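The structures considered in this document are given below.
Shared between the two complexes below is chain A, which has chain B as its partner in the first and chain C in the second.
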Partner chain A sequence: MTESKIPVGKRARLSVYFNKRLAQYYWERLQKNKLSLAGMGFIIFLMLLGIFGPFFTQDPTYSDFNLANIPPLGFSRQESVYDIKTNEFITTVIEGRPDHPLGTDSKGRDMLAMLISGARISLLVGLIATGIAVFIGVVIGVLSAYLGGWVDNVLMRFTDIMMTFPFFLLLVLIVFLFGPSLAIIVLVIGLTGWTGAARLIRSEALSLRTRDFITASRALGASDGRIMFNHLIPNVASLIIVMSTLSIPGVIMSEAALSFIGLGDPMRTSWGTILNAGQHTLDTAWWVAVEPGIMLFLTVLSFNFFGDGLRDAFDPQASI
Partner chain B sequence: MRNYLVKRILYSIIIAWGILTVTFILLRVGPSSPVDRYILNIAARGQDIESVKQAIEARYGLDKPIYQQYFDYMGNLLQGNWGWSFSSSVPVMDLIGSHWIYSFQLILLSTIVAILLGIGLGILSAVKQNTRFDYAASIFSFIGISIPGFWLGLMLIMVFGVHLGWFKTYYDTSYPIWSLENLRQLILPVITLSIGELAGYVRYTRSSMLDNMRKEFVTTARAKGLPERVVIGKHVLSNAMLPLVTIIMFDLGSVVFGGAYLTEIVFGIPGLGQVSFNAIFANDYAVVVAVTLIGTFLVLFINLATDILYTYIDPRIRYD
Partner chain C sequence: MSSAILEVENLNTWFYTRRGIVKAVNGMNYSLYAGECLCLVGESGCGKSVSALSLLRLFDSPPGKIVQGRVLYNGTDLVACSPDRLRAVRGKDIAMVFQNAQSALNPVFTVGDQMMEQIKAHDGLDRNDVLTKAKMLLEEMRIPGAARALKMYPHQMSGGMKQRAMIAMSLSCDPKILIADEPTTSVDVTIRAQIMHILKDLKARRNMSIIFITHDLSLVSEIGDRAAVVYAGKVVETATVTNIMNNPSHPYTSGLISCLPDISSGMKRLPSIPGNTPNPLNMPAGCPFHPRCSKAMEICRRVEPGLVHIADDHTVACHLYGPGAGGSR
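Showing the complex of A and B:
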């Protein structure tokens, strides 16, 4: 046997969280689900778009009223202008232009640039808020299940109250009161969205708690912390990943809905903000309302496909 | 059972009280005051802002310390007085009394559509597993789950309202509530609100039916020579419905708070969602607290009803 430089304890701890052969096995199972791969592909594309896109497009807030309401490439729009001198309507046809491939909105802002900015905002909000929510959910769920007794009782009653709270009303209320900034939106969604995660993790951890390997490690003298971090959490890790993936769409939709009703961060262009402006030009510039919605829809669909694929890949009983 | 009910009702009241308190504090501690909205008017009339502000605050008791206001509000509430709406200048009770029916009608119709169509399609696609119909239903349900409701609403308005002209683009309140004209203009809002739930029910019904179709009692039923109609309609369906009841009841809460709220805003339906939305922007705290409280009670009632419903559907469940 070759001697390893990593101390045995550390190596063991790393290996409970990442096992190369297991990851390989999951990846092979995931690959069999084509829809899931497509979803993953779109998410990666969106991330690249969000990270590198803004370097190649113009400023999404730059507005030029001479270039307002230009249709996407390949479409055209008729515009009637009343001429005072001849007392006639002059109809001009406005064609899509290659420098604005997805058209412009009523203020002459480039749709492509705005959509890319929106991708960045949506992913940021989705990932960070879900991260906060899942973190709180895991802490509360594991503590509740492992410690039991009055701790469990208090935490679960608290979760019940949070679950009963009218979520969207609360969101609108807090964002209105404390001002619509991206940080507030992310924080509020994260701090209120953990209830489902807490319950799921708790019920999973409850059943794990009574398993023999936990009893065995306790008999060997493992501390509570060690049992929780080295045995309980690694065994719910796949559940956490699936749950996070499947709760990102809801978060992205909440942010879009908030921006749509006018409570988005005024300093940033998100898909909801574009939709909010686009709802007033449904008759003249349909693309302003259609394009961000399609992006939103595809993003949510991708996360749903990917999450479903992950769940099947992690579940040894699922037939793929 | 009776003890259980009493305990649950007491518990519900405590939760409702907690939510009421949090909402009240959030609104009164927030940086803006209900008087703010008068200031522009006052300034326009050339009056002294400070003195008028103080007069208004004294008139509505807003100059008292927060805890005093809170106790006053609670005392009034217990006597059945829900307070005064600043923005509409009517008692909150009257405001809610004249608007709740719009929300109720929208939610009722959407829920009926979602349950009937969702369960129906789910059963059909389970019975016809792996046929073209099944695939179509799967694709439909994935789309329905992923499509943002408010965007779908906008698209429906654009296509059927603006371009085809089949429906009005605004909500006409002059029709009697249950008249045909009013029901006709609710078609698009009901589609918008029910699509997400409907798609979810298709999936859950299908998987729940398939789970139960593999069970041994189904083989027994078939071996007895029962017709397929009875096997599916009676033996499988009644067992598959149990997990569905939880999902439907749980969804009802999210419909009340999330979907209906946005749908009302998109279509301009003057229901409680719209009312509370306007009240939040006008800092009309009595209305916001009242609507939040009503919503909370509704969800608590739904939860309780679900638990009681269980004992009828599944005789194995008893609360002692």
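Showing the complex of A and C:
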């Protein structure tokens, strides 16, 4: 083995979270799960779409009533108009057009542009809200498990109370009170969604806490903070990653549901907003509701598959 | 011998469980002198480990609590001092080696990371010095390829390497006292011999005091200077190892020693002490050993014996030797 520099201090700490050989190993395990790879592929695609897509599409809020309800490319729609002079129905066939490849909605807005804008919103909400939720969950879970005693009692009873809250009602209430802005929605989902994470992390940290290496580092003079940051949290890192991945779909669904009932950010087009717009025209312009539905379905499925794959890859006991 | 650097006076560590109070350490007394190795000997469950954990307050609290007693280290009472003060003592002055090195190392860090964290936490050396020191320590522990071992994760090491790495880590701040809690139980005999050798070496070269906790009397005679025999959370006999081995005075000690196999005696079956250690929830009245003692007297059932000096540096807690008792050896 060649002599190489051993990372010390900050770099050493980081080496826990990113170790090349370990990453290689996990990557190989992940690759064995094809569904998970497909999920990861779709997520990457969605991210690229969300980041770069809006620069290339037209304004998703621009509407042109002359171009309303154009079907997607390859589909056609018949429109019958009653002519008073001739007392006849004049039937015209409207074909999909290449400048609106996924069609337009009843206000003539481009579906592709709206879907791409929705992808950006969904990912933004999903990632940031989950980030907030997991951060709070880890802090509460680790503190609760490590400090134990009355701190544990107070924190866990607080978690119980948060869990019994009808989450969606709370969401609706707060959005109603503070107005529907994206920041509020993200904050509310993040600040209410940490309960499951806190419990999971607590139970894992509880069993870690009794392990000898924790007592050993205490015996060698480590402070409580050091033990929590340097010994407990790195040991639950894989759990945190898996948990985050698996909780993103729920968050995306919540945001979509909120937008669907009209409490989303009115300045932004999200998939829920499009679904809402499409529900009235389901019999004539079905694509307006179906397209965001498919996107939501695929996104949630991808995150679930990817999360499952990650969980198996990180679990040394799982046979892949 | 010089004066004591660690004195344990009437230490009581009790665990408040749902089924009652477990008096794991129940009035323990011993002192440790500079540069000596004191062995705490006793059966499983007699309170050896808890008494060692109590020195640095490492047991879980609650349910554990030190209800009484003092641990004097350099004039500081470790039982009463602030958590911050205690934390400064841990590792720097008094370090501990655990029974199970397998689980006493953090699985997600390399051994080097863990050692360096420890060194850096206590003396603010810079990167390269820390690295050199870690390497030196591993070399001192005779771990082959120390530079490579630094980059290993605990699961890549053998049990013996882990135990030695653990000792190296605990030595990283040059502690004055090393508490070794059965450091050889989870390793095989060759590694055990190595570890014993290392410990003896440390004692000689660094003039370190060692508290060696074991149930194995052969290890006691190998490494110990003095021994304290522990029974039911109490020290029942303290003496130099030679004295303990050749002249055991407490019936429990002599019982333990007679259980050692002796190749020259030609006995077919080893003797054993009848019965088990008493249930810590329900200690017998009087001397806790009396139900198992072949020399039990009427007084043993009623009165708990105090420590009696029977010779220079030889104390024993037994009514056979008390001023009021007429017993002879």
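Operating definition for what follows: the second predicted complex is superposed on the first by the 311 of 320 C-alpha atoms of A that agree within 3 Å, B and C clash if a C-alpha of one lies under 4 Å from a C-alpha of the other, contacts with A are read in each partner's own complex, and residues count from 1 in each chain.
Keep this in mind: a contact is a pair of C-beta atoms (placed from the backbone, for glycine too) under 8 Å apart; a residue touches a chain by one contact, two chains touch by 3 or more.
Keep in mind that what you see is a predicted model, and the values were worked out from it rather than measured.
Trainee: Given the alignment on chain A, is it a clash or a fit between chain B and chain C?
Mentor: fit
Trainee: Let me test your reading of the model: by the given contact rule, A:S223 touches which partner, first (chain B), second (chain C), both or neither?
Mentor: A:S223: touches chain C, not chain B.
Trainee: Of the two partner chains, chain B (first) and chain C (second), which one does A:D212 touch, if any: first, second, both, or neither?
Mentor: second
Trainee: So, A:N235: does it touch chain B (first), chain C (second), both, or neither?
Mentor: The second partner, chain C, only.
Trainee: Using the superposition on chain A described above, determine whether A:L275 touches chain B (first), chain C (second), both, or neither.
Mentor: first
Trainee: Is A:F178 touching anything from chain B or chain C once the two structures are fitted on A? First, second, both or neither.
Mentor: First partner only.
Trainee: For the superposed three-chain arrangement, provide the angle chain B-chain A-chain C between C-alpha centres, rounded in steps of 10 degrees.
Mentor: It is 90 degrees after superposition, to the nearest 10.
Trainee: Considering only touches as defined above, state whether A:A289 meets chain B (first), chain C (second), both or neither.
Mentor: In the superposition, A:A289 touches chain B alone.
Trainee: Tell me which partner A:G149 touches in the superposition: chain B (first), chain C (second), both or neither.
Mentor: Touch status of A:G149: second partner only.
Trainee: Superposed on chain A, how close does chain B come to chain C by Cα atoms? Whole Å, please.
Mentor: 11
Trainee: Share the list of chain A residues that count as touching for chain B in one structure and for chain C in the other.
Mentor: In chain A, no position sits in both the chain B and chain C interfaces.
Trainee: Could you list, by residue number, the parts of chain C that touch chain A in their complex?
Mentor: 53, 56, 58, 60, 62, 87-92, 95-96, 98-100, 103-110, 112-113, 116-118, 120-122, 127, 130-131, 147-148, 150-151, 166, 169-170, 172-173
Trainee: In the complex formed with chain B, which residues of chain A make contact?
Mentor: Interface residues on chain A, with respect to chain B: 160-161, 164-169, 172-174, 176-178, 249, 253, 256-257, 260-261, 275, 278-279, 282-283, 286, 289-290, 293, 296-297, 300-301, 304-305.
Trainee: Help me check something: in the complex, which residues belonging to chain A touch chain C?
Mentor: Touching chain C from chain A are residues 1, 3, 6-9, 12, 15-16, 149, 210-213, 215-223, 226, 230-231, 234-235, 237.
Trainee: Which of the residues in chain B end up touching chain A in this complex?
Mentor: Touching chain A from chain B are residues 15, 18-19, 22-23, 26-27, 30-32, 142-143, 145-148, 150-151, 154-155, 157-158, 162, 254, 256-258, 261-262, 265-266, 276-277, 280-281, 288, 291-292, 295-296, 299-300, 303.
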